[in-house]
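Read through the structures below before going on.
Two complexes follow with subunit A in common, the first pairing it with subunit B and the second with subunit C.
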Partner chain A sequence: MSDNGQATFLEQVASLPACEKINECIQCGVCSGSCSTATRWEYPPRKVIAMVRAGMKDELLKSNSIWFCVSCYLCTARCPRDIKPANIIHGLESIALQEGYKPPTKTTTMYRTFAASITDYGRVYEFGFMLKYFLKTNPLAALNMLPLAIGLFSHGRMPLTAKKVKGKDQLNIIINRLSTGGDR
Partner chain B sequence: MKYYAYYPGCSMEATGAPVEASIHAIAKPLDINFMELEDWTCCGSSPLAGVDKFKAIGITARVLALAEKTGLDLVTPCSSCYTILREANDLLKEDHDLSDKIRSTLSAAGMTYNGTVNVRHVVEVLFNDLGTDVLKSKIVRPLTGLKVACYHGCQQVRPSYGYDDPEYPDWLDKMVVSLGAEPVNFPLKARCCGSSLVISEPDTAIELIYKLLQNASDNGAQAIVTTTCPLCHLAIDGYQASVNRKYKTKFNLPALAITQLIAFAIGLDFKASGLIGNITSPKNLLRPFMEAKISSTEAEAPAT
Partner chain C sequence: MEPKIGVYICHCGSNIAATVDVEKVAEYARSLPSVVVSRDYKFMCSDPGQDLIKKDIKEMGVNRVVVASCSPQMHEPTFRRAVQEAGLNPYFFEMANIREQCSWVTESRKEATEKAKALVSAAVRRVYFHEPLENKEVPVHPDTLIVGGGIAGIQAALEIANAGHKVYLVEKEPSIGGHMMQLDKTFPTLDCSACILTPKMSMVGAHPMIELLTFSEIDYVSGYVGNFRVKIHKKARSVDATKCNGCGTCMTKCPIKVDSEFDEKLSKRKAIYTPFAQAVPNVPVIDRKHCTYFLKGKCRACEKFCERNAIDFQQEDEILDIEVGNVIITTGYKLFDPSVIKEYGYGRLDNVLTSLEFERMVNSAGPTGGQILLKNGKEPESIAIIHCVGSRDEKYHEYCSRICCMYGMKFAHLLLEHVHGAKVYEFYIDIRSFGKGYEEFYNRVQREGTIFFRGRPGEITDVAQTPEEKGKLIIQFEDTLIGKQRRLPVDMVILCSGIEPQSDAQEIAHKFNISCGKENFFTERHPKLDPVATMTDGIFIAGCCQGPKDIPDTVAQASAAAARVLALINNGKVEIEADTAVIDESKCSGCRVCNLLCPYNAISYIEKDKVSRINEALCKGCGTCVAACPSGAITHRHFTDVQVLAELEGILV
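Now for the complex of A and B:
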């Protein structure tokens, strides 16, 4: 706990599922050396862990780091202390989004659009998800996707309507009762 | 007949359709029944874990609860679904506070989950429950001389499940050998295709796909055999043209999901094996083997 009785950044992260071993990190750097996209991170994975432990919340969550994680789990398979860096990084992403940080990446919008597709349809409806994502970010960028979209459509791989899933209501009961912030 | 509860995952209804077709096409000839879970919903994938970890585990638990009612092993073709389902399943067994929280949420939705489900991947089921000897016995079109790079990707073998090697797996290679084809050395076989960022950070993802294609090509592969993961398959198959545009390359490496290749080798046509849905067309590459089949049937046919 910090002096004012609030959970510290480190405690906040360590309380998330599969993130509790963060204290056992020995800063060996295997995660950064293994990372598929480390060259694009402002602070690569080893530094991310160090910054959580040093309480550098704003500096970390305002950066582009964590958002380049492609979930390849090389860091996690190789970590000699089994701290599960990929899970910690996804945990950090959820803290950043919950607390309204605005890191310089479109991946946050992609994640939110993806999540909205799940609550709206029960499943990810790929065509609708991509369309909404490009409308929210950069509609012109969708032009680059056009050849692929036409290819997928002409090969029967891009249905233009969403399926109706009965379990959607049950799914939304579950989603509405759970959240990282509270214990509702 | 072997029975499994089958969870296709969202991509199989759209971009993964050619792979999905091949899985169902080979099931009957191989004496497998993949019974699709009724009324399944999304597993959450990595994006939902990045939005809210608890909600993500909650919706994954719904899928596990549906599967538990069937009493069967839960099998998924998608490597992302596989990792998400396995991870949530393990957490619900190990973390009792989390498990209590999820259990009470599920009960509010009229469901229960007691943690008894065994989560499995289609590739693992084909390799362990069916085995390469059975595969070999079903072959009518041996793929002799076909050089392929076997791409396992990330999440079928990692974080680490205690069987196929998380760094240099070889199950696909062994299956491909049983079909008569020749796996080439492929150092990047378990590296990432970047699918999770292909929409929001295309430069990052396309670079990863480029490295895979270059590595397979450098090692003499004529095609890339993927797992049944619709994301890996789409990355190699669908985004190959984007790589060629960006890097001024001329890659023409069909992406053959292992189940598509099995379907073809056991005698199914391009349509039934889902191969007509591939954007990087494998027709020219596979046609010679098709003709070989015709001549062998003719040879066996009684003289008229």
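Now for the complex of A and C:
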């Protein structure tokens, strides 16, 4: 605990689910070495952990690191100290959003559009979801995707109308519970 | 005789006195039943302290002594000896631990003093009921058994044999030498391993006091310190060692080729073979699992060409029955098999080697005559050496294997020497160069041009992402000192695989009645103060079977174990503590429940008397049988019901 009784950044992160082993990291670099998208991160996964331990909250949550985690879990599978870097990274995403940091990437837009599709239909309506995503970010980019879209559609892989699932209301109860903190 | 108790409260400098009001405790003790004198003193274990006790025994007729001080583990022998010197049976002494169990763990002075009073009261009540007991003496057989003929076993054998005592050295391979024989140069001096080992092997082979039993294993062990009976299984070599002169003709004539274990399967040996040219003894064995004669009844080429008629297909395994006083276990290690680390590609990708495979390759007496070659026969231009493979990893072994940083750097040096213009890269997490000359060696290797990257590689792949990577092995890693993920293409990768205990470690432990730890290394009696002894008297351990270590430490431990054995042999006898269990045979019903429960195999069932009997020398006084006996037939000397209950009363009152 720091002097004013507030939890330090490290304590805050360590208390996230499955993140308590962050103190045991030996900075070996297997996580960064295995990470599928590491070359795009401002600070690769190992550095993210080092920065949490050093209390560099602002620099970290303002950077584009953590937003590029695609949950491939290679880091978690290979960590010699059985730490779960992917959990820590996603936990940091939550903290960033809760505390009002604006992510410098389009990741949250995609996550939110995806989640909206689920709550609306109970499943991902690919055509609608992609359309909404491009309209919110870069409409012209959608044109680049046209050949792919036509290909998918002609192979019957992209229905133009949405289908809702049965029991969508029950699904939404589950989602609401989890969104408001859930049963811990 | 009426018990007259003397109580002595030790200040232990300030260790006890700073927390416990020792004078109050002494005053309290004075009021206890049968206490005739109660004193407090600064250091009871010192000479003047001990003299206080002796004086009171002689002048006041004190015949029971309680010392309230430190743990019995520290000074019970000291005070027992003092009591004995004053003419009293040492078992009339009891210690109250008011330090480790009181002053060191209690903050409040009031509470600590009350607790010390309770502990003293318990000791006083207990000692009232103590009986005079005699330690048992058993003789020590002067012969020694050493299990495992690597450098540790060889060193220990020579130490004991040179002291004039007989040693049986048992080794399961056809020759002694162990892993050290496979190495090329040893760090940090770059001594040629075979050059320093073979003279010792030769001495062992020629020593009149060493009976060398190779191609042999341990079948069964029984007995206790000073008196072990061991059954040794001597496997049939199919060669008469008394006739064979080691000419090697049989090996050249044998048509069957088998992967050579000694060369880590990088070359072939014959079905009749010695594992390497400098084998001791230089007598081949026939591998009956691959020999044509034993499989199909044909061939017999070795027999045809042997000038001495030394081939004996009818030779049978032998069982030897020996008696020894002590045993030293030096079974060594095996290398961690990195095939389980899929992302490193060992076994799947060409040119990924383990450390022992590389040792054989770089060795001038090895399968490539010392040339470093890729699978395609060319020399590599770039080589990556990966540290901590299978070590420091909760998925495989949590421990550090201690030798890999040093041997990894040794490889770098050898590569720069053997391959002109080679680029050598070391991938590490930490550099552990802890020994004499080790840091200087690290410095040297850096000076010679080895490039060090701090970062444990994520994976080794042959999937090229750029034209430069085609046909290479690519190390994907984070260069943590820069903070960027990088890909480095190389020709060859050497994995610094960790070391593990042998796969039969638990079996050996069970045979000799010792324990294995969490990772199957043998458990030493105390990791700092007694690293070569085990909890079983007379059984010692040395070398990598106790834990990963380099050659200097292995040799040191082997000599240490030998010294312990020589001490026992020199004394000629050993004292067994008297607090053992004894069965009242008139009460024993012969149910044999105790037989199975005894963790030390100390209880046997006597068929003709239909009762169980405890071997006092094996009994460690654990009390399990005492508690379990449904007839209440077993008494625990020095821990009788009366004594234990009196002690409890003292605490509670």
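As a convention for this text, the second predicted complex is superposed on the first by the 178 of 184 C-alpha atoms of A that agree within 3 Å, B and C clash if a C-alpha of one lies under 4 Å from a C-alpha of the other, contacts with A are read in each partner's own complex, and residues count from 1 in each chain.
The working rule: a contact is a pair of C-beta atoms (placed from the backbone, for glycine too) under 8 Å apart; a residue touches a chain by one contact, two chains touch by 3 or more.
This is a predicted model, so every value here is computed, not measured.
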item: Partner chain in contact with A:L74 - subunit B first, subunit C second, else both or neither; value: both
item: Partner touching more residues of subunit A, whether subunit B or subunit C; value: B
item: Which of subunit B and subunit C A:A38 touches, first, second, both or neither; value: second
item: Touched partner set for A:Q27, first subunit B, second subunit C, both or neither; value: second
item: Touched partner set for A:T8, first subunit B, second subunit C, both or neither; value: neither
item: First, second, both or neither for A:K47, with subunit B first and subunit C second; value: second
item: First (subunit B), second (subunit C), both or neither touched by A:I174; value: first
item: Set intersection of subunit A contacts, subunit C complex versus subunit B complex; value: 74
item: Subunit A-facing residues of subunit B, complex; value: 10-11, 13-18, 39-42, 44-55, 57-59, 61-62, 66, 80, 83, 87, 91, 95, 98, 101-102, 105-106, 108-111, 154-155, 158-160, 166-167, 191-192, 194-197, 199-202, 204-205, 208, 238-239, 241-242, 276-279
item: Subunit C residues touching subunit A - in the complex, by the definition given at the top; value: 343, 388, 392-395, 429-430, 454-459, 476-480, 483-485
item: Subunit A - residues contacting subunit B, complex; value: 16-18, 36-37, 40, 67-68, 70-74, 76-77, 84, 86-87, 90-91, 93-94, 97-98, 105-107, 109-112, 114-115, 118, 122-127, 130, 133, 137, 144, 147-148, 151-152, 155-159, 163, 165-168, 170-171, 173-175, 177-180, 183
item: Partner subunit C, residues of subunit A touching it in the complex; value: 26-35, 38-39, 43-44, 46-47, 74, 78, 80-82
